[in-house]
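What follows is a single structure, and I will ask about it in a moment.
To keep things simple, chains are lettered A, B and C as they appear, and every chain counts its residues starting from 1.
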């Protein structure tokens, strides 16, 4: 099925971007592998732990781990000789974001949960792998500060959920939600769209 | 019931204090929301994950999320024009600490767990929302370094558990534990009471 | 049983090393206790949460918490007067690493999981207590950057799993795996063996 193929591409993409982050911090090869696993599978793992779903996907399908490790190590190997990696990774990362989001919403919907929880499930799946990556690298999660990222997840999830209520077929709604989310993310990166920031200083007290 | 009303006040209070922390780091509006959810509901979520209790409270009652989001966004809106926010938040935060602690102890007690685990459950519920908030903001958790905070949780939990053994009625013991904890926290802030620190330097080796 | 005694020594050792880390950051006494619990029991807790095993070991056997707390507080008491603590702790820490790894592999094996997942279970048990400790202290986990540590866990786990296939008795394989892992770790510290690092700079793009 399309969604499953996209999922495999998405975890490979997240593993690749995690490998570059690890390289910037001069981690060793095993650190690259651990960070790639946490980034690529951490969002879905956190979702399943919160929802109480067992076994976890990568425990049931250990070849997910193999894909992640191969992708991460291949990235570490070719990075020094490859130019223009960054653009390709941003595209792959955006695919990962929308695919993970749709999968997270889909799973929560299958459990008959409230729509707010469905949106949260999509966001956790789509964005918390990156949050865990940033926490392990001790930087404030980009999620909280950069171009529309969590917002893209929110829009994608909302479209996916709204589609059936608008009489749109499930498969079509799924594709539309992912395409809109993907385009929105690409535009946000290109034009540096950002959410308004909340700035607070103590001396205002 | 009183405890439930106090719980709703407590999650709103924690959301407010998280919003101010997010504002100090210039997070965007969605970052404010995520940090507020993690801070207000993270302690209880971690407790339930550790105890294996499902569904989580906010998955069963999604309106908890709504309260947290409204409280956080309202804080972000009024912060620039409000003076003296800090004092009110310290009071609300102290209420959150003791209420969360008592709820955490109560749940572990209901599962028939050992008294040490009951105290841990109270502390995790009361303080780990703030620990998660600090980790996401990449600062060493205040819990470990500042005025009596975890200690207040410990005292509150111990009083709550001791009450029935002293022949004190459950409801009375609950109120006494919370009041003593709250007053202790307020005094600790006012007079900068701190736990003794353990200072270790490598060159002592 | 030998493994259980080693486990108790290992959690005490991890608690001691966590206490020294807490002391370097001037945490208060309760911070020392929390950090010790997270470091000593966090790896096993994360493993059990990922595998969906409940109740957690320290909830079923609260005296694990007592051992951790006593070890941590005793360390904080004697640290200022003791010389040469560091060497002893490195030895104890290495014991903890191999013991935790073997236990983690053993548990995953008992659940009939795939060998990759068994290795991951060993590594999570052996190393993530330290990762959580480092995250709470807001430093990039040592695991990712220093002398063979996760690698030792990997080698230990692989030997332990390979033993029965080589016709080696379970108990013997267990001891061999731990001894090899321990010696490897000691040698890595002594001669500063490190994994090759992956270094990536953005201007290569």
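FYI, a contact is a pair of C-beta atoms (placed from the backbone, for glycine too) under 8 Å apart; a residue touches a chain by one contact, two chains touch by 3 or more.
The structure presented is a predicted model; accordingly, all values stated were derived computationally and were not measured.
Superposing the C-alpha atoms of subunit A onto subunit C requires a rotation of 120 degrees, rounded to the nearest 5. Annotation: the subunit A:subunit B pair of sequence copies touches via predominantly different residues, less than half of the used numbers being shared.
Computed centre separation for the pair subunit A/subunit B is 30 angstrom, with centres defined by C-alpha atoms. Chain contacts: subunit A has residues 49, 135, 138 touching two or more partner chains. Across the complex, subunit C meets subunit A through its residues 49-52, 113-114, 116-117, 120, 131, 135, 138-141, 143-145, 150-151, 154, 194-202, 204-205. Per the touch definition, subunit B reaches subunit A in the complex via residues 19-20, 22-32, 34-35, 45, 49, 54-56, 58-59, 62, 65-66, 76, 79-80, 83-86, 135-138.
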